[in-house]
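Structure, as structure tokens:
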Amino acid sequence: MINYFFLLLVIVMLGSAIAIIFIRNLLAAVIVVTVVSLVASILFIFIASPDVAITEATIGAALTTVIFVLALSRTKKKT
Amino acid sequence: MVNPILLIIIPLATAFFIPLLAIVWKNGSRYLALLAALANVLIGIKLLPYVLEKPIHVTIAGFKAPIGIDLLAGPLGIVFSLIISITGFLVLIYSIGYIRDESINKYYTLFLLLLTGSTGMVLTNDIFNLFVFFEILCISSYILVAYNRDEHGLEAAIKYLVLGSVGSLLFLIAIAIIYLKLGTLNMADISDKFDALGGSYRMMVVVLILSGLGVEAAIFPLNSWLPDAHSSAPSSISALLSGFVIEVALIVVMKLVYSVFHAMQVLNALAVVGVITLLVGEFAAFRQENIKRVLAYSSIGQVGLILLALSINSKAGISAAVLQIINHTASKSILFLVSGYFILKTGSYRYSDYSGIAKRMPVSSLLFVLAALSLIGVPPFLGFFSKLQIVMAAAARGSTFYVSLVSLVLLGTIVEGAYFLRIAQVLYFGRQQDTDSGWLETGNAAGIDMESVGNAPVSAVIPVLLLGIVVVFGFLFLTNLNGVTGSIAGEITRALSLASLF
Amino acid sequence: MIITISLILIGIAVFLSFLRLLIGPTVSDRLLAADTLTTITAASIVLVAFVLGRLIYMDVAIVYAVIGFVGVVTVARYLEGGI
Amino acid sequence: MEIAGQVLVLIGAIFLFLGSLGIIRMPDVFNRLQAGTKATTLGALSLIIGVGLMNTAFLWKAIVLVVFVVLTNPISSSTIARASYKMKVPMFKGTIKKMEESFLEEEEK
Amino acid sequence: MRRFFSLILIIGFGFYLVTVIGRIPFAATGEAKGSVGVQIVNDTVNDTGAANAVTSVVVLYRGFDTLGEVTVLFLAALGMSLLLKGTEEVKARVFDESFILKTGSYLLFPFIVLFGLYIIVHGHLTPGGGFPGGVVIATAFFIIVMTSEMVRLRENLVSILESLAGLTFIALGIAGLLGTKNSFLANFMGKGVFNTILSAGIIPFIYAAIGIKVGSELTGAVGSMFLSPFGKQEEAGE
Amino acid sequence: MSNLITIENIVYLASFGLILIGLFIVFSDKNLVKLVIGLDIAETGVNILLVSTGYIQGKTAPIFSRTGLKASQMVDPVPQALVLTAIVIGFGVTALALALVVRLYQKTGTLDVSEIRGLKW
Amino acid sequence: MRKVKGFILLWLFTMIAWVLGTGTFRIDELVTGLVLSFGVVVLFASFTSLYRDIKITPKSIVLMPVYLIVFLWEMIKSNIDVALRVINPAMPIKPGVVQLKTRLHSPLAKLILANSITLTPGTLTMDVKDDSLFIHWIDVEAENIEEATRKVGWKFERILKEIIQ
Amino acid sequence: MAFSMLFILPVIGIVLSLIFVKVDFLKNLINLTIFGALVYFNILLLNSVGETFKLPFAFLGQSLTFRVTYLALYFSLMINGISFLTAIFSWRFMRERENSSLYYVWWLTKTLGMFGVIFSGDFLTFFLSWELMSWGTYFVMVQRGGAAAKASYKYLVYAISSAMVLLAGIVILYASFGTFSFAELSKAYSNISTGMLILTLVLFIGSFSVESAVFPLHSWLPDAYSETFSPMSSYLSSISTRLGTYGIILFLFVIAGVSVIDRLQIIGAINFRYVIGVFAVLTIIVPTFTAVFQDDAKKLVMWSGIGQGGYVLLGIVSGSALGIGGGMFHMMSMLTFESVILLSIAAVEYRTGTTNMNKLGGLIKKQPVAFIGLLAGIIALAGIPPMNGFVSKWFIYRSLILSGYPFLAIGAMIGTLATILAVYKLIHNIFLGQLREEYNGVKEVPFDMQLPIWILIIIVWGSAVFPGITFSLIAKIQSSLGLTPVPYSLNGIATSAGDLDMLVVSIVFVAGLVVAYMVYLLGHRRKHVIQYDNYAAGHFLNKDIPYNYNAHFYAGMEHIFEPYRKKIIARSEKSLAALTGTIGDYLRHIYTGNVSTYAYYIVAAFVIGAIVLGGVF
């Protein structure tokens, strides 16, 4: 049973990843990347690696988002 | 006996220490960095005799080999760390005069970390540790390429970074396969177990590692970052990048292929790739006008030559390749360092603007030409002997395949000679332009006032001269050098084994 | 049994939020969906921790809560033009 | 205890589901936030506490987590709402605006 | 066109991934394959005294990797501060404080920091450790920086902390080199009582150093991004 | 059908999918930031692959947090340690890439890969 | 004196969080927690200012759980309300943005009020500015400030002002 | 002792020249002494034929060996003799010239390289010395800068190419036989496979053809040689090119051996030597006809000098004792007459400052010594008795006809025709005709510059009258190479197929000249007029409109030949360079600058690698 849940998460993750290809808005892409990382981090729990899950969540999701968003804000056209 | 791990720790600790020092003493970092590099040189020299007898095996954190990480300081490791630290030391001297902006502390920190990364790569005996040092090396070079923060530097750095990342991705996949199938990361252990793997796994691992590490080693289709990065970096950094970074990556790849994966099957393909690399580099360099791009493409050519030599699958070939690496390190460093001052003094990247600069900067120009001659392979410079050894080693295989490769190498040499000597002639005799009206001696198209061009400072001339000694008088020590390179070749061609480490 | 039903429900919830993430016409919608996803997944981690019987996984869930907050705050501040 | 926990878990899951359903169904960002925040917060809360009740070893950390979720979720949804309002995300038609002053500096000008 | 070619290549690459790696089952082969890992799991409690085997691997068995990894972060932070140091100060930083967010982050800040510390000091007992802990602490700072105008990052302080932490790491390693085991990073302290905070010898100390280093590095890195100017810079004289 | 849905198949699906999608983005997208995003995704995929190398079905995380856990019940900790390193390195690279992108944007005012070709040939 | 109060309260809260987080009263954990939370509170002393406003009187201590219960009740109500709206195919909504006034001054109190409003029936705080709260209401019942204030915030505000100054 | 002095002295010279780089007098003195000493030691060396020498250090396990052979001595004598004479000439000529501070250094370097080439006993030494020599040549030529630099660059590209081809040949030999030594290789060649033979022949002959300027590979020579300082032009054109011929001789006769090569029958009687002969004939014809149209005296001589090189080659490949002897002899004669011609021209240049024949004329009265030198030279060049060119050409023609190569002989004779046209233009445009106003003050060069010219005139004539002196050495060479020696006598040869007595020929010829002069004198047909008291084509002459046939001297011929002078070589060189450029261009277009594409390359490399290597694992 839990495998199916797992599969669903993977589908969500891959779907988000594929969505990135088609998303033109960079900020939206960044949000979707965050989701990918978050889901990946759950996968890590499923495969018995909480350490990696925590690290992926903090670094992969939070920090990466922060830094991407900062970068986006610095590369916007001047208003 | 000194612990070889200090070779890695000293520059690393110094790099960590520099920000602290910078608060107290603003320009102290340059001397501290020099000191660190010098310490590495001394340690390397001290270790060399021991190592030539028997490789030193160092465990880390007190755990034995397959479990913990370990270092293997064989002839290859020590000789290459010597190459790295000596080149680093000389370029550091050069940097005293060359790098003069606010962020020199960062420059020296990055520099030392570059040395750390490359030293670590040659010393480590653990494949994941190799990856880590590879990344240290790569990242510090990305930053150093963009050090000037100009448009070209940034662009080149981004390209370099993206390609390096894709490469390290492939490398990681290879590590994953290795761990999945073998359950170990130690190279000696992998070497013991690798042959038992299925063919497709072996193929996958080898090709992944070739195409992953190959990015840094600038093997042909993977080297597209190189001309940009080497030509946009500050010249001192270009000297390092061309001088030992690609060579280190290359020798590590080949060490993996030979002694860890025993993948002799790929060597023929690699030889072909090497020759293609050589031809692409030389021919592309022929068309360049930017002096640093010429040198960068020439590096590609040289890497192709070295790769060919390493792929010959004989001790003679590998030994010759190491000799060629030494020669290339010295020569290319000279070329980049000197061209750095050419650019600085004239403000132009086009070599046709350096018309007659030899009268203003005689020593630099002379060494530039000597280094170029050595790269082309003109006797009696070191480059001739290494090239001759390579060609002989290839021919000694006796197959038509290698003979035809050798003939292509010689073709590449002709092209190489053509473009290098064109530059040399411009330096000495003025600009030459192949138009229908024939010879033109219009020195200053860019409006550069040659009268105002002064000589390079002492801090630039000393390292160039010292490297020049290697290039020019290297042949006197050919026997010794061949002894050392021979033992490196022995180390590379011998299969690693866990049992032999203890 | 209860756990299974809960997992199914959570799965559907995840999927619905994911849909919003994909279709969300504005960035705000996507952000909202991501926020919801974070909360849902944090809850599901707790559930998984319970299923697997390891208390230590709870730490991950707490980290999750923090992370979701940080991510949303960052993006929202960006949308506002605050950073 | 065990039963209570299970019930809570089930309730939590249902609310999580409803919340996400609301996210899909609601017409504009603000209404989705209404659905999303409330339902998921309560859902998470009850699910986590439920798990804590089912296995008391989890309870303490569950409380920490719940407090955290309850504190952060409204904050983040407020922030999203504010940001959306500020960047003029289109509102559901017929949305009433009844304010004596605006909280946005730009609108005041 | 580009997408088409990319797709073809991706399919080719995927073919190799699936047919070669995808065939390896990792559930079935079990014990036989993981010689190193199995040995480590079996010996870790005796060898290191840390409850979290991952931690013992990260800090001791493969501590050298970790040193390198910290170096990579150091490099990244250094590079970012080098690259992004603006030619001018950030002028008009559009800033519109949100009361809820500001107060909320003030409220949460101490707890997040404490949680980060919790992760760090429990690195050898529970999942997490220096890296996530450091990141969580850094994250707390980011929230504050993002939501209120109060903070100017003190770059000097950050870099001092960073250097000191890095040097501590190396010093601990060298202490192992000088100790009886004569090996870099060797555990020269006692193992303590299992599953308590002060167990596992040097692991907590190294993790603390890593935590501080990671935290300060990330703060520095993101901070330099914060301080970088907006949009395209017209530079005079170029 | 259901025998296809095993842990390893799902993990492989996830990791290969992410790797391939990430690379696809790197190959085909014109925006530099998207390119970095692609790298990030591919890296995540590789990390999943790497972690999965240590996973053994039915075993639990290698943490002796309570008594009664035996080493034989635990998965391999080494790949997890490796992935920790890989994640951090990946982050470092991403952050640096973004710094470069920002700086380049400040210089050139564009993020289009096909326009950033000051260096070629 | 108020400074010290804020300091001690924050220390207390962090300590509680620590103990809950570790889930044990073992002496080494406690000592570590004390030291670390003390360190956090000392290092980031400026964050204690939020807690200065909390009243420590018997009444307030009694009212705290009361507030919690009220809040939870409202929350459950709100969720059921939202759930019904979501499930209902007709989707009976009448959204709007309204303003309310509060008499609370302490930032902490305003924050808690805002959060409580967000989590209660059909309302969502969008921003707080001085003494005004801006609310997104899914089903607007009252459009003028006073009525809205009474309908939405009063039940919380009443208790809150006893707990926090 | 004598042998090592040959190498030590140039090194000493180089060092001293570098030390006294600013002191002209000392530098000249030192170098003159050294060149003189070299001649002395070289002559001493004649006693130690057959000795071998080794350098004290080894490389690749191979010791660098030298050996003294008659062949080598023949060449070294030529080198040293001409060096000494040129050095005498240079003393005054090179005074206060720009860019000439390292003149002697490069010269000595080149000399050193040449000694290495001719005395080397194995291919490693040979190649090292060959490179040294090539670079010496390059520096000798390039030092003047300006136009010389461009011309030398062309040489350099050719030289590097030829060196690489040579290296390939050497390496293939080493790979096959495991040795560099000439002696061992020549043993190995006796039973070599045909394919290998063809391959090595093509490589070695092709490589040496560049240095010896054989037909399609000759185009670098005229510019490169003529743009440098005139004494060096003379030196280079007279001896430098012959080192390439030395290589060919070495390969054909020492390494491979005629009998081995003659196994290669291409079609019927046409063997490999015949093919080389065809190229030799083309080398004679094409450059000589080009020479006819040159306006610069030095270039004219250079072009015709290429043709003379063709004669040498032709003689050598003819294979008979007579032909080889003739070829060898022609080397010596060419050395002397080229030298004397160019030194004479240099003497003119020394006074007038130009070598452009369109700007010269009528110098016969002003510089009679130069005139006589030039006259002696061109007589020899054209192969007219009683100068040494006649002897060698006679030998060559003779051998060609006797060996059954009549077509080659005819080709060579056509070349001679053009040579005569060319040299007539040379002497006419410089010395005959009308003296230009600006050269009224020109004087004869001082005696120290005349001296080498006189010596050379004597040699040119003397060696023709007494060819036996030279042939005595040539015969020794031939017997040392295992060939039949030329049956020579002091003043000619005597074979069953006819003989040549140069003494008689000379006497007859001189007698004929005397008779002719007498007739001329008796005819009283000459009349002295003042220069401008003259007219031509209906115009009276004055300062501004001189009687001038210099430009377009052979206008009619030019008209005829114009359609055939397509400058194929120059064009193909240009298009080769362009091709290299184009290839480079295409190759560098791989680097599109688009980072996505680059990333694509990486993964594509993986996939291709996997496909390619999928089979081998």
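Going by the order they are written in, the chains are A, B, C, D, E, F, G and H; count residues from 1 in each one.
Going forward, a residue touches a chain if its C-beta (ideal position, glycine included) is under 8 Å from a C-beta of that chain, and two chains touch if they have at least 3 such contacts.
This structure is a prediction, so every number in the text was calculated from the model and none was measured.
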Closest chain to the overall C-alpha centroid, by per-chain C-alpha centroid: which is it?
B
Could you quickly compare A-F and D-E and let me know which has more C-beta contacts?
A-F
Chain C and chain F, separation of their C-alpha mean positions in angstrom:
20
Length of the line joining the C-alpha centres of chain D and chain H, rounded to whole Å
96
So, in whole Å, the Cα centroid of chain C is separated from that of chain H by 88
Intercentroid distance (Cα basis), chain G paired with chain A, Å:
31
Where in chain H do residues touch at least two different other chains?
588, 591, 593, 595-596, 599-600, 603-604, 606, 610
Could you pull out the residues of chain F that touch at least 2 other chains?
6-7, 19, 23-24, 26-29, 35-36, 49, 52-55, 60-63, 65, 74-76, 78-80, 82, 84-85, 88-89, 91-93, 95-96, 98-103, 105-108, 116, 118-119, 121
Name the residues of chain G that each touch 2 or more other chains.
17, 21-23, 114-115, 125, 127-129
Would you mind giving me the full set of chain pairs in touch?
A-C, A-E, A-F, B-E, B-F, B-H, C-D, C-E, C-F, D-E, D-G, E-F, E-G, E-H, F-H
Help me check something: in the complex, which residues belonging to chain E touch chain H?
2, 5-6, 9, 12-13, 16
Chain C - residues contacting chain A, complex
4, 7, 10-11, 14-15, 18, 21-22, 24, 27, 30-31, 34, 37-38, 41, 44-45, 48-49, 51, 54, 56-57, 59-60, 63-64, 66-68, 70-71, 74-75, 78-79, 83
Taking the touch rule as given, give the residues of chain C at its contact with chain D in the complex, in rising order.
2-3, 5-7, 9-10, 12-17, 19-20, 26, 28-29, 31-33, 35-36, 39-40, 42-43, 46-47, 49-50, 53, 55, 58-59, 61-62, 65-66, 68-69, 72-73, 76-77, 79-81
Touching residues of chain A toward chain E in the complex: what are they?
49-51, 53-55, 57-59, 62-63, 66-67, 70-71, 73-78
Could you list, by residue number, the parts of chain F that touch chain A in their complex?
5-7, 10-11, 13-14, 17-18, 21-22, 24-25, 28-29, 31, 33-34, 36-38, 40-41, 44, 47-48, 51-52, 54-55, 59-63, 74-75, 79-80, 83-84, 87-88, 91, 94-95, 98-99, 101-102, 105-106, 111
